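Both complexes shown next keep chain A, but they swap its partner, so chain B is in the first and chain C is in the second.
Moving on, here comes the complex of A and B:
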């Protein structure tokens, strides 16, 4: 990827949104989407693999993924950076809904998940947004050109 | 997921992406082996291409149960991506890790390898 291509990328911001039922067997969709966008943005294979795992950790940090609801993934590519934000709209499971409303994130494996995110991305966090929790990560492409 | 009976103990073979969708069945298989009286178990991850925190959580839980029963949970891993996940989380030193089945204890090829080397 040339410096000219990088300049063109940095001049525009692209947003891709993905919505899917919060089911364990569909988390792969989030990984696939993130990997595809990272490849388009010129991330190398190691960075793409890091991002695939990091996005997986974002999605599974919602206990609700195991109990219903709808996962919303918003990916913003700005130049050589990807910002990925994940929220879950409550489903029909009352206990899970209470967890989402209360902002309960990071299940039993939460500490492992945080360690992975710390190592794999430049920045990550969680916050309340539009009445529910949002987990996000930001990853910058390491090399400016290839 | 499949199982292989070896002299040293049962080996659970896991292939592909080991994530939230696979972790529950991995736990069930390993807990069934523990319930059957095996205290030392092996998980063959040679064919695994992805491992997330939910799968790691299962391995950590089963490891504790194995230790409680006087045994160990061994991992057979050679894929760099999987080893990287174990190293990031500090678990590379918590499990006996072998890079092939021939490296497991009792074989003629030697003991566990140290992935930190």
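Moving on, here comes the complex of A and C:
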């Protein structure tokens, strides 16, 4: 990829939002969307594979995946950087919203999830926003000039 | 009159000689003279999503084993015995390496092509290829490459204990790697969680998430492709999640 292409890419920012039932068999939608944007940002195939694992991790961070809520995924590509934010609207199970706070699925405070994401992306976090709990990750293309 | 079965077209006497002498040259000759059978049987399994070269390799290894195991005194022609062995090995290959989730044939073939080109281009370029580079090398669209990669989740990962062309298993390679873990901080949550996994899965996860090796580095160390490591990681993380949730289907899509 040339410097000219890089410049064009850095000027470009695109946002894709997805909303889908929090079911394990639909996580493929999140993976594919993230991989498509990453490819457009010039990520290499190994970075994309890591990103796909990270997206799995991001989505599964919510216990709501098991509880039947709705996943809201927002992918933002800014130049050679990708930001993926994931929130879940709880389903009828009132306890579903507690997954993000307690991190029960991956051990106390989500430490295990954190350790995995540390290796897969540049930055990640979990926080409460107006719309509810949110987990996010940021990954930058490692090498310029491809 | 002798009790020995009559000499057949595939030379039972030569196998008797091999049994008696263990002559490596004779063994090679017998293998070579029957390679056509291996190729012929491999062709019967073509078009099922596996590379032809891989099938020939599996069939050829099975043939070698058949030559070594054949007992000429059992009254069976070697070709009959070898065909049974080779077909059995090819079927096992598909059982271990086949598609758990049925993908269209064009996607299966493209997935194989993508995997081969990732390793080739990584060597040529000195870095893992991008999707546009892969698409250009294969002569397909970027969307098709991404579709094939995603479909790869439906491809069963070969057992680490399955022998490769050199009769080595990836488990053998892992043995030497595993000894390096003395420096790992086993107090980490991940290290504790790994105890729920089979040892072979632990090694792959440790190399990636604790030692910080890239997929390519792990692949190089274990002598397998980067895509193979990618599948192993995805599968191992699924198992890890399942062990936490008691849900064997966790993220199995």
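Operating definition for what follows: the second predicted complex is superposed on the first by the 130 of 146 C-alpha atoms of A that agree within 3 Å, B and C clash if a C-alpha of one lies under 4 Å from a C-alpha of the other, contacts with A are read in each partner's own complex, and residues count from 1 in each chain.
Everything that follows uses one rule, which is that a residue touches a chain if its C-beta (ideal position, glycine included) is under 8 Å from a C-beta of that chain, and two chains touch if they have at least 3 such contacts.
Everything numeric here is computed off the predicted structure, so don't read it as measured data.
K.L.:
Sticking to the clash and touch definitions up top, decide whether chain B and chain C on chain A clash or fit.
P.N.:
Overlaying the two structures gives a clash between chain B and chain C.
K.L.:
State whether A:48 touches chain B only (first), chain C only (second), both chains, or neither.
P.N.:
Second partner only.
K.L.:
Who touches more of chain A, chain B or chain C?
P.N.:
C
K.L.:
Check the residue A:24 against both partner chains and state whether it touches chain B (first), chain C (second), both, or neither.
P.N.:
Both partners, chain B and chain C.
K.L.:
Which of the two partners, first being chain B and second being chain C, lies in contact with A:32: first, second, both, or neither?
P.N.:
A:32: touches chain C, not chain B.
K.L.:
First (chain B), second (chain C), both or neither: which does A:116 touch?
P.N.:
Both chain B and chain C are touched by A:116.
K.L.:
Looking at A:143, would you say it contacts chain B, chain C, both, or neither? Reply first, second, both or neither.
P.N.:
The answer is second: A:143 touches chain C but not chain B.
K.L.:
By the touch definition at the top of the document, which applies to A:56: first (chain B), second (chain C), both, or neither?
P.N.:
both
K.L.:
Kindly list the residues of chain A that each of chain B and chain C touches, one partner per complex.
P.N.:
24-25, 27-28, 31, 49, 52-53, 56-57, 60, 66, 108, 112, 115-116, 119
K.L.:
List the residues on chain B that touch chain A in their complex, please.
P.N.:
17, 19-21, 24, 50, 52-54, 56-57, 60, 81, 85, 88-90
K.L.:
For a test of understanding, state which residues of chain A touch chain C in their complex under the given definition.
P.N.:
1, 24-28, 31-32, 35-36, 39, 42-50, 52-53, 56-57, 59-60, 66, 105-108, 111-112, 115-116, 119, 143, 146
K.L.:
Given the complex with chain A, which residues does chain C contribute to the contact?
P.N.:
118, 127-134, 142-143, 145-146, 149-150, 153, 188-190, 193, 208-209, 212, 214-216, 226, 230, 233-234, 237, 241, 244-245, 247, 249-253
K.L.:
Using the touch rule from the top, collect the residues of chain A that touch chain B in their complex.
P.N.:
Residues 24-25, 27-28, 31, 49, 52-53, 56-57, 60, 65-66, 108-110, 112-113, 115-116, 119-120 of chain A touch chain B in their complex.
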